[in-house]
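In what follows, chain A forms one complex with chain B and a second complex with chain C.
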Partner chain A sequence: MMNTKNAVYYGLFFLVLIVLPFFLTSNWISVMTTFLIYSVVSLSQDIVLGRAGMFDMGHAIFFGLGAYSTAILNMVYGWPIIATIPVAIVLPIIASVLLAAPIIHLRGDYLLVTTIGFNIVFTQALKNNVFGITGGPNGIFGVEPLKILGITFASQKSIYFLAFFVLLLTLAIIHNLETSKPGRALHYLNLDSLASECIGINTRFYRLYAFALSAAIAGLAGVVFTLQFSAVSPGAFNFIQSVLFFTIVLVGGPSSIPGVLLGTFFMFVVPEMFRQFAEARYLVFGVAMILIMIWRPKGIWPVKFGRIPNYITKE
Partner chain B sequence: MEIFLQQLVNGLTIGSIYALVALGYTMVYGVLKLINFAHGDLVALSAYIGLVIIMQLAGVLSPALLILITFIATMIITAIGGIVLERAAYRPLRKAPRLSAVVSALGASMVIENGIMLIWGPMPKIYPASVVPNVNFDLHGVYISLMQILVLVISLVLMVALYLFVNRTKLGTAMRACAIDQDAARLMGIDVDKVIVTTFVIGSALGAVGGLFIGMYYRGITFNMGWIYGLNAFVAAIIGGIGNIPGAMLGGMLLGIFNAFISGYISSSWSMALTYVLLIIIMIFRPTGILGERVAEKV
Partner chain C sequence: MALLELDNVTKIFGGLVAVDSLSISIEKGMIYGIIGPNGAGKTTVFNCITGVYKPEKGKIIFKGKDITGLSPHRIANMGITRTFQTIRLFGEMSVAENIMSGRHSKSRQKWWHGIIHTPFYYKDEKENWLKVREYMELFGLTHLARMTAGSQPYGIQRKIEMARALATEPELLILDEPAAGLNDKERLELLETIRKIRDMGVTILLIEHNMDLVMNITEYISVLNFGKKIAEGKPEEIQNNPVVIEAYLGKEDEDEF
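Let's look at the complex of A and B:
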């Protein structure tokens, strides 16, 4: 359970996020909105990568499927945005189960390469305008804003709070996952797949469960992403983006919520701060990634499990 | 039939380049169990270094001597780059969790890629047209250029040399021993660090040859081309069975021919996607690649 100290920290963090948009320029609200969306995607990536221990380097597929579902259903078929949300959640789930089922038994690096493959096929399909509905290399423009009960989410701040709400929802889901049976199953099978199978955990089922859950969350994040820019394009979901989410989790700290949030801040917001240095920042950034991994190989904010003394968990 | 043979020749040429680059991935993976994501960018770097050398020496030396010196100098400089990479980004992480090394590799890749861009700028650079004299041989309707012959012959020589090195020399045996079990190898008195450095030297030098071929054959080079060629070469290594040196050669050739036929018969806008469809199919039905992985999975 969450103790008082953690509850205070999370309270403070949420408070900062709530008051932040009232002090920022419009440019920075946009950056922070994307930060919130990327946090959600990274947290969902963490379910597969950090908690279930599967090297998935194609997570942008599910993010992109959610985003494109909303955009296509709205622009091509004229659905209202609110009606597209269930589809943008269910479609990534179906896709993730179909894609992951044949490859779930592959060991680490093979899974990584195969998911890269899926991601590249996915972006190529979007670019080549499959079925004539993806808009080709330019994507789709002019998606309508979300309307719920007469309220229109069109202003920048309203989208920010929408993204904030989705983040809260994701944190609630992950908190529940941590304290539930599937969460413990994922934790065991990550630590030792063979041993967990021996104590009766259906590893194949829970691996697919992890993929499906994370795809659903990423799909929902995709909807907000489409709403933020009223547009989607293949470049936002290419394999480099998957690498970004993958790196965020590992730099921040796998299966650590504050770690993943910090990782997103470090990998996405910090480069935005140094925008005036243009290209040189990524050089420094690469060096920083190497140094962080050397000094903190388990991430900036590694996860702690209970009060286990360090000498026991050390390998 | 002529189109078929022509595409076969083109495919074998591209395939040789992939194979040379794939060897760097597969050797490092065999010894360290690490996907060296920075290898592709090292290949791109070597293409730029080669261009600088050619621009400096063009006209001063005869073409044959120019090519020879460019190759040797670029291989040496890239090999030094490989040593620096191993020292800075991989050695401190030898005992860290495996994924940390992957992030470090991605960071190193960013450093090299953006370093190239800062030095040579974001615009593509073009290799001079006639580094290798533009001579075409007509074999009953199938054209093969001097450049293609050069690529095929040099690649073949290097691969045979590598095969002999790994299987017939003491250091090669040490390398194979490290690939099977590093700790046991160390107990047998093998200097594992030396073997790892050698792996990086050879891998980078072969990658440098690949990078120079990319520059001379395709002529246009960009700072971010390391990703594309690196990924394709990596796919080649996986298709052949990663960690398996003949596998990387076979995988490279197969992928090159596959790519050439896709571009020749279907459409080049789908060639990359179909490459990965092939990879996914092979991963599903034969997860350890065509020739099989050299390292067995331990329970």
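Let's look at the complex of A and C:
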């Protein structure tokens, strides 16, 4: 159901991302790799926050669980990276369902505070080296590169393209989600939970579904994040990171794929561009955020509903 | 056997008995009306039937099954859907998407179809969108399919809400004041629509303040006052019932609090 104009936009976007690393310095390839990974995490945050409308301010937990699963299984237990990936996806799913199930009925603001609490507990556990496997405040160093079919993803460019592949996969999943019964159910329960229940939508199930799916995607992004730096540390998954993902979705445009991608670019890449201005850039940046929220309360690129097939309006 | 049976249903809010041992019985295929002065507990009855409230006492039996206290989505899936007194649409979404929401329980897509689109997905998706087209044609909404539901005029919004409820293919359709806020022309159209829905084999239970409409369309009426049933019968019996007339004349004073 994607129209030609959108297809052209996405084609151009992908083309730019494919040729970009051949023109960038090593430092910028690294920034863009992280941009791709953060885009994936933000798109997953959007499933819970934008689509299902739940104020999840602890999304870095699922990102971190994925990252740490790979690092711990590889460094402590000697698993090859490829074998750690299923765990890095399933573990965040289990954690998200266990965390969300008791609090899912809470109203937005209460849910927000509870998820912040979970995030703080999570980073404290990592810092205090729980079970002696998380490496404490310094984290874990020296994670091996990914090897698939004899190809080793060790170079900077190869990891960039790995991240690009994960973004494509995420975009495909989210496109499938928004044109399906479960994806629509998330919008319905977000806009009117009671009306949704009264036409037969099990709102509790679909809320948990949103959490589980978004945790799975964030977990996978975590694997790539670990591979990019060959290391993990608690600071990358603290509450402030969750605030970043939360803000990206709101500034970019909840439920809008181009919005979330633009949001990630604006919130992560743009500040990197003005690095020479040191701390002063954050002043401009903060003001810009405020102005966006005032002038475009639905985000830089707001969502457009009306994703309906053409044949239903024609004879 | 009646399609829906309420047996001594009681709902209490704090110290207030909103519905007091109410028993009604609705036969399949009829248009049943519940009337009564403001605050008589009519909407509370609807909320008990659809699972929004759990009654303190009594039983609600639908097609021979006890549905008392089940969650709203389970009751909806069994074949009872409703509209709301204050229209509750998914305002930011298009008209077609609003009606598609009614297809949720009939669509057989599973959770994984939100991740991977299988051939079954395409078949199911098309089937349901075509149903949406049918309901849009039935209510004359086709030309508005892509428009935002929330920005439509009141009369259209009522139609969208009814189309959405009907899209679930219910056996019992509950309408909470369907004529509220409609002009005369729209009210006449509504009468037509309600009859059309009944002719499709759907049983209808409605609350309405507009006496003309109620007397015109319903086949059987229960009158509530202070949560209690004070009369029941055919429209012409109700119209001349002294107890009912008294309850309605007393309405002016009761509005004070």
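Quick note on the criterion: the second predicted complex is superposed on the first by the 306 of 315 C-alpha atoms of A that agree within 3 Å, B and C clash if a C-alpha of one lies under 4 Å from a C-alpha of the other, contacts with A are read in each partner's own complex, and residues count from 1 in each chain.
Note that a residue touches a chain if its C-beta (ideal position, glycine included) is under 8 Å from a C-beta of that chain, and two chains touch if they have at least 3 such contacts.
Since this is a predicted model, take the numbers as computed values, not measurements.
**Q** Once chain A of both complexes is superposed, is A:194 in touch with chain B (first), chain C (second), both, or neither?
**A** both
**Q** May I ask you to name which of chain B and chain C touches more residues of chain A?
**A** B
**Q** Under the stated touch criterion, which partner chain does A:287 make contact with: chain B (first), chain C (second), both, or neither?
**A** first
**Q** Tell me which partner A:31 touches in the superposition: chain B (first), chain C (second), both or neither.
**A** So A:31 meets neither chain B nor chain C here.
**Q** Once the structures are superposed on A, label A:202 by its partner contacts, choosing first (chain B), second (chain C), both or neither.
**A** Second partner only, chain C.
**Q** Looking at A:213 after the superposition, I want to know if it touches chain B, chain C, both of them or none. Which is it: first, second, both, neither?
**A** After superposition on chain A, A:213 lies in contact with chain C alone.
**Q** Go through the superposed model and pick first if A:180 touches only chain B, second if only chain C, both, or neither.
**A** It touches chain C, and chain B stays clear.
**Q** Under the stated touch criterion, which partner chain does A:108 make contact with: chain B (first), chain C (second), both, or neither?
**A** Only chain B is touched by A:108; chain C is not.
**Q** In the superposed arrangement, does A:269 touch chain B (first), chain C (second), both or neither?
**A** Touch partners of A:269: none, neither chain B nor chain C.
**Q** Which chain A residues lie in the overlap of the chain B contact set and the chain C contact set?
**A** Residues 194 of chain A touch both chain B and chain C.
**Q** Using the touch definition from the top, list the residues of chain A that touch chain B in their complex.
**A** 55, 102-103, 105-110, 112-114, 116-118, 120-121, 124-125, 127-128, 194, 240, 243, 247, 250-251, 254, 279-280, 282-283, 285-290, 292-294, 297-298
**Q** In their complex, what parts of chain B are in touch with chain A?
**A** Listed in rising order, the residues of chain B that touch chain A are 29, 33, 35, 88-89, 92-93, 96-104, 106-115, 117-118, 122, 227, 231, 234-235, 238, 242, 269-270, 272-273, 276-277, 279-280, 283-284, 287, 297, 299.
**Q** Give every residue of chain A touching chain C within the complex, in rising order.
**A** Of all residues in chain A, those touching chain C are 173, 176-177, 179-185, 187-188, 191-192, 194-203, 209, 213, 305-309, 311-313.
**Q** Provide the residue numbers of chain C that touch chain A in the complex, in ascending order.
**A** Within the complex, chain C contacts chain A at residues 50-52, 71-73, 76-77, 81-82, 84, 88-94, 96-97, 100-102, 104-105, 107, 109, 111, 113-117, 121, 124-126, 129-130, 132-133, 136, 142-143, 145-146, 148, 164-165, 168.
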